[in-house]
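Below are structures written as structure tokens.
What follows is a pair of complexes built around chain A, which joins chain B in one and chain C in the other.
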Partner chain A sequence: MGTKPTRSVCGAALLGLIASVASGQSSTVDEIAKYRAALQDGNPAELWEARGEALWKDRRGPRQVALSQCDLGLGPGVVKGAYARLPAYFADADRVMDLETRLVWCMVTLQGYTDADAKKQPFGNGSERKSDIEALVAFVTAASRGVPMNVALDHPKAIEMYRVGEKIFYYRGGPHDFGCVTCHADDGKRIRLQDLPNLTTREGARAAYTAWPAYRVSQGELRTFQWRLYDCFRQQRFPELVFGSDASIALTLYLARNANGGIFDAPAIKR
Partner chain B sequence: MPDPMKIRATTVGDTTEVKVLMSHEMETGQRKDAQGKTIPAWFIQNVLVTWNGKMVLAAQWGTAVAKNPFLSFKFKGGAKGDRINVTWIDNRAEKRSDEATIA
Partner chain C sequence: MKRGLASCVAVVALAGGACVTAPTEDEVAAKASAMLKASFKANGQAGLDRLEQDDTQRVCSAFAGKTPRGDVALRIERANLASIRYPADGVLLGDWKNGEKIAQEGRGKQFSDDPSGPVGANCYACHQLAPQELSYGTIGPSLYQFGKLRGYGAEVQRYAYGKIYNADAYVACSSMPRFGYHGILSEQQIKDVTALLMDPASPVNR
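Moving on to the complex of A and B:
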């Protein structure tokens, strides 16, 4: 009596397997997306968020001042929704800044660190070489989760930076004659099993920009947008993109502005 | 002092689900650094979870558990406000204990 149901269950399972193989690449992509959604629970990025919150609130640096008075664009200490408006022009610095450069600015002007000290570990490397900036970015960006991207170009310098970012995006160079466009200006491109977003479309720009920063499982670290651009330059075999450079801010502004309207949903988790 | 864990515990009906995110490098002892030297093994060996002082989970881990481990499990019992304590001990005899209340 027990064998008949077993045979039909096996048959159904076999048909199911054939069907999923037949639908090919799209089902693989869907399964990866499902796997990633399951991974969001217990995202190690939360460990960086907790560390960042402590770094934001503790008195630190030569002046023993808390970073919590830092103005991220919405007033001193306002963290909620701040990331969705960055990069932005800051009158006190008279320049356009992204989150990382703004945090460095506050570490220098409020806490008394030197610029070199504030920037000495932009990207973490294991538990013995942690990056304070990565932790602070995790904390600040988490407070913008669910907020629509809303980058303004309300100052001549911001408009200029946007145009520079656009130029960099389309510029081809380096030993492979690569540019951002080589990988990110068409639909359906991928490198191995990594789908590449088409950043020239509104949907592509939104989907890509709102998913950084992220815990990169292969790195075992929380990676920021400055890191993502640094790594893109490395992958193209371009000269090193200097942390917090105008070029990095210009590109970030270009991509963030293009993502306007997209719902920010980070820190995320990636391969 | 190792980094704190994040613990979340909720009770639905007669079952409590506990989720713990631990901060640990979990080195297998197989990797080599940029100079070619083997990075020594450094991993959590024992995990103990208690509910109001009573043990509900005891685990022995090896090098197969990945960096920044996420542990999720259920046990029968528990009510809002009860204490959940998670302790881990690694192969360097370092330990970390954190507590949370069931939400």
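Moving on to the complex of A and C:
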């Protein structure tokens, strides 16, 4: 921070300047790393997990039934390891679904909610209006912690969604010409001081995908992968990504499949 | 992709059907385009028209992060070069102090931004510029000492202004937004950012 610009261009002064800028930068990065390490000590995501567990087990909705008969892909009521296999093709719905859309499906078909009611608060607002979906996602994803990602392309519709998801990843548009590719297709890049994962490599996709959902300290909310994509597109200057839309599922499938073999380790905590 | 196609063959073989040809890249791209249009909603200043690609966006998307070369690159660069409008008064350098503010400003054009609020260039998100700012990104090259290294002459000024106006005029499928072409920045704002790069008194060149 204390670097003073100098008019001198003699070799020694220039080298000194470069060295001090570099050390200022690396000490900033070190401090951020320390801050991130400190965050790991106690994750409020547990509060969302506990509320999600209650939402999963309680009799709710017009039909007053629990979600414990909801089939997340491994059979009715099986939560352990389910998230590591999503998104997946579901024969009963005849479409590919991610966790959030599958939860909505179960709230509608089992509990009798309308689709609109089930989707009315997909994201919490940072204060009193909490999202049931975010809590349920926290509960279900926590039950895949330590499980390797294992997303199958075992149906023509899943194969097609994966290929479309890849196209969406590279789709550049809007007033800034941005696409996912702009920030997430190279190794070792930063936006400001924030490291950016290269989502086109196995290592990058694994590291990034297995760390969502996450409790965001800056927002006081647990954020799902649907939220992550919604907010990426906002920053891309695109219009608003519709919760549970096909494009959101296709892109999630593309990223989740690329993360196969990575050990799932979320809900995480992030700045 | 290879694994995806292999499992297609396996599924169809299990189902006992004849394997149909997989959709071509163009067909998948058309599906993606249609799916995007059905998956977004207009919000504030961000309308669905933002999903419509111009020729450059469409070609660059198909290159999937790779840089086009040869005739394709030339065609994109020529079309974008032709879009650049230089100031009628011939003055390319504005106020570098305003340029620094514009380079720091990250707001603008998001549906969450006030449409009557500031629109910045957010240069520091991707570039190093003034050495006092340590929080800079690395998606683009360092621009520290931009003018000092290249010289402060009229040709370099013209290049810097043009690059900010439309980066694809010089490198097809650049990651950098086309700030003038899309009307993100006003002519005065582009002059100010050009001054940040090219004024000998700018901290970028000190």
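Methods note: the second predicted complex is superposed on the first by the 232 of 271 C-alpha atoms of A that agree within 3 Å, B and C clash if a C-alpha of one lies under 4 Å from a C-alpha of the other, contacts with A are read in each partner's own complex, and residues count from 1 in each chain.
Here, contacts are C-beta pairs under 8 Å (C-beta built on N, C-alpha and C of every residue); 3 or more make two chains touch, one makes a residue touch a chain.
Values in this document were obtained by computation on a predicted structure and should not be read as measured data.
A.B. asks: May I ask you to decide whether A:234 touches chain B, chain C, both, or neither, giving the answer as first, second, both or neither?
C.D. replies: After superposition on chain A, A:234 lies in contact with chain C alone.
A.B. asks: Does the superposition put A:28 against chain B (first), chain C (second), both, or neither?
C.D. replies: It touches chain C, and chain B stays clear.
A.B. asks: After the superposition on A, what does A:95 contact: first (chain B), second (chain C), both or neither?
C.D. replies: A:95: touches no partner chain.
A.B. asks: On chain A, which partner's contacts cover more residues, chain B's or chain C's?
C.D. replies: C
A.B. asks: Pick one for A:176: touches chain B only (first), chain C only (second), both, or neither.
C.D. replies: The second partner, chain C, only.
A.B. asks: Thinking of the overlay built on chain A, is A:80 touched by chain B (first), by chain C (second), by both, or by neither?
C.D. replies: After superposing on A, A:80 lies clear of both chain B and chain C.
A.B. asks: Please output the residues of chain C touching chain A within their complex, sorted ascending.
C.D. replies: For chain C paired with chain A, touching residues are 1, 3-5, 7-8, 11-12, 22-23, 28-29, 31-33, 35-36, 38-43, 46-48, 50-53, 56-57, 60-62, 64-65, 109-112, 124-126, 131-132, 134-139, 168, 175, 177-178, 182-184, 203, 206.
A.B. asks: Which residues of chain A touch chain C in the complex?
C.D. replies: For chain A paired with chain C, touching residues are 1, 3, 5-7, 17, 21, 24-25, 28, 152-156, 159-160, 162-164, 166-168, 170-179, 181-183, 185-186, 188-194, 196, 200, 233-235, 237-242, 245-248, 250.
A.B. asks: Which of the residues in chain B end up touching chain A in this complex?
C.D. replies: Residue list for chain B touching chain A: 3-4, 6, 19, 21, 23-25, 67-68, 70, 72.
A.B. asks: How about chain A: which of its residues touch chain B in the complex?
C.D. replies: For chain A paired with chain B, touching residues are 41-44, 46-47, 50-51, 126-127, 220.
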